[in-house]
């Protein structure tokens, strides 16, 4: 039963990702990206971590594609044309990655999922991983300041 | 039953798709979107591994959170650079970046 | 020979259908609003109380099929609640704005105009759902659906009484932030897909406004989460048993109020759909059912954001229970009644603000979000943490 | 300190505005329900043109062509013939094209006998632009229906219930009310 759900979810995720990569209409690609990330949030729910799922939903599925759409509007780009020369290389990379995935499939056969509560993640985040947490917050601040400085129109 | 291998396979295939996008796209916006797919594929792998193998510390899930944070920061900086590029060259194709060399 | 008809044939008066639209009838209006409220309450009692109780008592929830039917019925009922809320709020808002502006509002359909929305809905159903020639049809059709779904998702997480909630998420607060961010999609995509100037400008303004105001909104919600020690909405309501959050959390309350009006795209912040400048902005090219979905979503949000004010700051369903056992059905029905009454008061205040304030300029809008609300929200967050420590110690 | 003062000022202003809005809710509306309730129009206002006939049914118009000449849009067409019974002319045709008429009432100004007048008649919207060409029968009909009309020469006239026409009382005349009031003040 849950395998069927997983199969449907995974199929839709892959379909969305393929649309992102192959669509020539960039607005559709951005919408497909949002759709893919939304479904990945569903995947995190299945992994027993609603906290991660909702953060994925709020940041990756909602905020980032909106930003992308905004940039698409600002730069007035509508269509994407793919490059031609490096398809062989790419196909090779795909095959390698797929083989790696199959190997991972054979190697990992655990079936027991351990759910995680938001409290657990919060406590863990602020105790053991406090240093990375602070680094991440500084990173976000730097990104914010950097983005503002870069995108600001220089006044003559 | 779903095993860890299912998630890892999905993650690998997603990573391959994202890699394909990064390598073949010429529009920088499309490249950044493909990079987002790459990061999410990695986050799925981390979160799945943590959920199956790390019941006490779930470090992988924390790592997935950090990946989301880094992705947001990367994207905001990337778009700011893109906007400057667009103002400078009037286009968002990677060809423009190549021409800026030297 | 003149073809101009003689005046005698010309003074057409529409036939009166059993009532006189020229006569204001406050009694009928009051009765109608009471009936509206009563029907909404009845629907809420059925959706949140009777149907789950029936399924639980019969043991149908154990099987997969029973759970499936339960989910379908609950989804239909939630849609019914959303539709009824929108039908009621549209006519109430139009009547209220009319009264404020010394007009009478809609008067012709139903006694004193109380059935106006039904006829509006019938008209929109009958209209052709027209798409301009150069739009992307997929995106164009997707946008209203996304807008409606985002409003609908928020409805799922709102608790109306003790134990009466459709999905009691343990991350409900974050879920609401996420769902309201999703609403920006519909607006941006709708403006982007139609390819016209008005839609484009509306999409720009909507994107900037909604993303900016999302930040103080989320921080205000987080302050409440920190103070009450849980992200679950029903826990937050339980935490207000003694003292409503509006007293200790007054600063986050103010931030939430302003930011939620901005999320609603209601009048002081209605730049994305400014009718006088942008011809409706993102919904300029929409007609028929697509437009109805935008409209429906707007009015469902006009219900849900005040409902969240009540849940987070005004004690949710708390009220005098007259000695009833809080777990009993009657007590829960009474609690949902309190909740709806408080929500109705807040909806009225939102309408009042909408009727009063003039529109911002867009640089003032951004100034308010980033220079005014964001520091205030951060201050509120720190204050919440200190208050939490104080409460823990005492 | 000035920030606090500004914030206080904003809060006070918003509160004042909202209180003012709330006071409005109880007051009665000023709406007129148009097809059922007609607005009160002063008789001296250029609204619609009509031809007035005498009490015995004869035309007031003496076919002097003054209005035809005065019309800036040239929408009036008059055909006349010699009066077989006596001197003067009789009207054969009086066409007025309301498509191009701009309701300047120059014709009313120049009419020596107050045959063409302005009446407070509305509701002449039609679906077909060709229907806006009026003839004498139409203008006469509007004149017969009118209870009150105005021309500069005779002032406001009213039709009594028995069909007789007479000059309206001075308070209905243009400026009549002002004159009356001035007279009272003088006395």
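Things to note:
Chains: A, B, C and D, in written order; residue numbering restarts at 1 for each.
The definition used in the following text is that contacts are C-beta pairs under 8 Å (C-beta built on N, C-alpha and C of every residue); 3 or more make two chains touch, one makes a residue touch a chain.
This one's a predicted model, so the numbers in the text were calculated from it and none came from an experiment.
Geometrically, the chain at the heart of the complex, using CA-atom means, is C. Using CA-based centroids throughout, the chain positioned farthest away from chain B is D. A separation of 35 Å divides the Cα centre of chain B from that of chain C. With centres taken as mean Cα positions, chain D sits 72 Å from chain A.
Separating the centre of chain A from that of chain B, both taken as means of CA atoms, is a distance of 6 Å. Chain A and chain C have centres, each the mean of its CA atoms, that are 30 Å apart.
Counting only residues that touch two or more partner chains, chain B has none. Under the contact definition stated at the top, the residues of chain A that touch 2 or more other chains are 55, 63, 67, 72.
Because contacts link the chains only in sequence, without closing, their graph is best described as a line. All chain pairs that count as touching, in label order, are A-B, A-C, C-D. Those residues of chain A that touch chain C in the shared complex are 1, 25, 27-28, 31, 34, 50-51, 53-55, 57-58, 61-63, 65-67, 69-70, 72-73, 117-118.
On the chain D side of its complex with chain C, the touching residues are 14, 17-18, 20-22, 24-25, 27-31, 33, 35-37, 95, 98, 121, 123-124, 126, 128, 130-135, 137-138, 141-142, 145. Within the complex formed with chain A, the chain B residues making contact are 1-21, 23-27, 29-30, 32-34, 36-37, 40, 43-44, 47-48, 51-55, 57-59, 61-62, 64-66, 68-77, 79-84, 86-87, 92. Residues 64, 136, 138-139, 142, 169-171, 174-175, 177-178, 181-182, 184-185, 188-189, 192-193, 200, 203-204, 207-208, 210-211, 214, 218, 231 of chain C are the ones that touch chain A when the two sit in their complex. On chain C, the positions that touch chain D within their shared complex are 1-8, 10-14, 20-22, 24, 96, 98-104, 107, 352-353, 355-357.
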